[in-house]
Amino acid sequence: NETNETKPEVSPDLEKATETVNAKTPNVIKQHADLNEKPIPLEMERDGSDVYVKMTAQISDIEIDEGNVYKAWTFNGQAPGPLVVVNEGDTIHFTLENHDPAIPHSMDFHAVHTAPSKNFTDVAPNEEGTFSYQASNPGVFMYHCGTDPVLSHIANGMHGVIIVKPADGYPTDQEVDKEYVVIQNEWYKYNDLDDMTNGVPSHVVFSTKALHQGQPNTNGTVGAVIHSPLEAKEGDKVRIYVNNVGPNEVSSFHVIGTMFDDVYIDGNPANHYKGMQTIMLPASGGAVVEFTLKEAGDYKFVTHQFNHATKGAAGLIKVTK
Amino acid sequence: NETNETKPEVSPDLEKATETVNAKTPNVIKQHADLNEKPIPLEMERDGSDVYVKMTAQISDIEIDEGNVYKAWTFNGQAPGPLVVVNEGDTIHFTLENHDPAIPHSMDFHAVHTAPSKNFTDVAPNEEGTFSYQASNPGVFMYHCGTDPVLSHIANGMHGVIIVKPADGYPTDQEVDKEYVVIQNEWYKYNDLDDMTNGVPSHVVFSTKALHQGQPNTNGTVGAVIHSPLEAKEGDKVRIYVNNVGPNEVSSFHVIGTMFDDVYIDGNPANHYKGMQTIMLPASGGAVVEFTLKEAGDYKFVTHQFNHATKGAAGLIKVTK
Amino acid sequence: NETNETKPEVSPDLEKATETVNAKTPNVIKQHADLNEKPIPLEMERDGSDVYVKMTAQISDIEIDEGNVYKAWTFNGQAPGPLVVVNEGDTIHFTLENHDPAIPHSMDFHAVHTAPSKNFTDVAPNEEGTFSYQASNPGVFMYHCGTDPVLSHIANGMHGVIIVKPADGYPTDQEVDKEYVVIQNEWYKYNDLDDMTNGVPSHVVFSTKALHQGQPNTNGTVGAVIHSPLEAKEGDKVRIYVNNVGPNEVSSFHVIGTMFDDVYIDGNPANHYKGMQTIMLPASGGAVVEFTLKEAGDYKFVTHQFNHATKGAAGLIKVTK
């Protein structure tokens, strides 16, 4: 098992977190304490409209704020997990390799139609499971671990985004110059289900995942999409595929200095809004938002629930001449 | 007065709640303490487009979680109250019999156009009041007691759903195989207005109300719609009339393993969305959601605000071959 | 500097607030403590499609509840700030006079397209700054101070609404008899960024701003739009331009006794809903809502998140024969 590596230097944040966790879930943390598996790339192959996707469940350190490391439960060592992009109508053949020695994990893609009791089922520690289903509808969907208690698995880092590209595209495809992916998620006290259930988030963050070659790919770290900003040219129409993976809070997504000319709620071309200042994303809700950046300069985006922006949910678009 | 029955065995939960309440609102609780009126069926008669509806305000024990009984303020001994279904354009002649010996109650139907100062007024203890108004618009509407302090009356259990069926139906009526009603509500510490105003819910729950003969009809009890699941056949298109009666929280309603092919926001056929993973329901917001269950198996539904799902907001659809 | 007036009688509420603030941000409060600049009218002039708007940033006492005075950071001595109304396509030439002797302030209009790093920049104490940008899209937009920490500036009172009237109007313009502006905002402990970030609001309030001669114009005070109600005649179709300026909470806007026949999300004529009981407003989200008041009487409006209505978010429409 590749996860039995040497014990990492424990940060003061993690030390405190570990104490809390030890008191509550000693068995889990005992086996996780020495783990920090390095990220393993997503595997994806296509054969016609059959897509073969392989992901891992693994315990990996994620920096959630400068100097603050969270021993996350992850897909592929990222939190949020790796971006998955398929086409409307594809059949996904999905394999989950569970590298976690302690607890089962699973996969719930919001993009598919299938019986959860058959295809979103648990994969035991050190086992793998394969499941098949169709991505019948276009959109910007959340995926997450669905193992009980689900809130622990999502809040500890097991969430991400799958984009299903519409067969007929979006009516505004020809107008778009750049496109990016942005995800909002919250962090709570480490593996503290009571805090996750009754508390307020310690951090609310944005990450971006590379949709095209050369784009930044970050974790849900405070400042990640400021240190690695999105980029555009003056006059560009930019599209963002956005999803709020929660686990608990809704999002009021807003880009400062512009407005959304076109919005497709949950990323479905049929759900077309115009001229929005801010979009309401439910927990697990997605959207395609498109906006024009008329002048060079720095444009931040936030959730306009400013308590959450204050806790980290801000990113940057750098626009040059 | 039929409410003066023998004192019920008080559960430990209720005992604690009663202590809290005695300290704060001794007059109310003194008269409620011995009450547990058994549910009284809704009365409803139709004469052309005139509909005569009679409901009670009554104090009744509601199990909000296994072994946890809440001495609720209710309509007809249910919480949420009984389902009311009328047709677009009907005139409702509504009578409220207030069986509560201690405080006034009232009725605010979101489905109607009327002056609240005339037709949503208080009915005194042991009195009855009759009010008339038209259900002019189709949809899935909340109703609730509107007596001051409104938050106490809603949070103590006086909420429910009235469906106004559209005169011209929904464009997808022919595709629907089964239809159900689901309601989300929260519970707080018993009659503790401070907790209701500043705290987080103790429980967030789903209930279902029988829309057709033989369907389950439950209160807002943790696990109610898991123990009494909704049922469908493989391949069925299922419609749910859903409303989030609050009193405080918004809902991110989601069915695991499928997505909403058609959504009518607030149940109005004009507000038609397609292909949604999750819908955002404001407090008191409703929707008609339709989705296909392609494979036999168990499908849970939740609010994807997973702190609330963790507190009970999960239900089940059992799909058989 | 016109702000050096005689020290006002300090209310007990403010005294307590001042102690808290002194402990945390002594420099700011030291210079604010003696300030209570009286409201200065907004200046606005039009030359074709060029609109010249001048506003102040100033420290002014705002009554947030009866007898509870908050030493607010304001635009023009109002909180929310003065209503701004322009036409789609106008160029706004905006000047901010910063009368605050202690800290910089700035202006972020959600209605415009511009580089924030160039045109939403800080204006130093006792300085003024001028910025130009186009109001390219119709709608009901939030404006606010965008100076760091933004949450402090918004929560202390620096928010308001700018309406951009659509060039081609709304499809329902001919049906509307009366139109008003309503704004929802929250208050927290005075200048307490920790409470603003992690707490719950002390008050949630509605204000109205005069859109037409003779209409009431209020601050965000508990009961303001009950003491100074909106008015209509029996049978009127009323339009409300509504925005939820937050800073943190979403709103479930609802008028009791009627429903919204027509809703334009964010005030864009293209985003047309029908027959809604309640609309979901994200933080900073707006809408145009239109409804008919069929009978004379009193109609209250609320956010149906009733914890917030309980904290003050209720207003009144008086309907006469």
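The first chain written gets the first letter, and so on, giving A, B and C; residue counts start at 1 in each chain.
Everything that follows uses one rule, which is that contacts are C-beta pairs under 8 Å (C-beta built on N, C-alpha and C of every residue); 3 or more make two chains touch, one makes a residue touch a chain.
Since this is a predicted model, take the numbers as computed values, not measurements.
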{"item": "Copy pair chain B, chain C: interface residue numbering same or different (half cut)", "value": "different"}
{"item": "Superposing rotation of chain A relative to chain B, computed on C-alpha atoms, to nearest 5°", "value": "120"}
{"item": "Approximate Å spacing (C-alpha centroids) for the pair chain B, chain C", "value": "34"}
{"item": "For chain A paired with chain B, centre-to-centre distance based on mean C-alpha positions, whole Å", "value": "34"}
{"item": "Touching two or more other chains - residue numbers and ranges from chain A", "value": "250, 280"}
{"item": "Residue ranges of chain C in contact with chain B within the complex", "value": "200, 250-254, 256-259, 261, 273-280, 292-300, 303-311, 319"}
{"item": "Residues of chain A touching chain B in the complex", "value": "108, 110-120, 137-139, 141-142, 146, 149-151, 154-155, 193, 196-198, 246-250, 265-266, 268, 270-271, 280-286"}
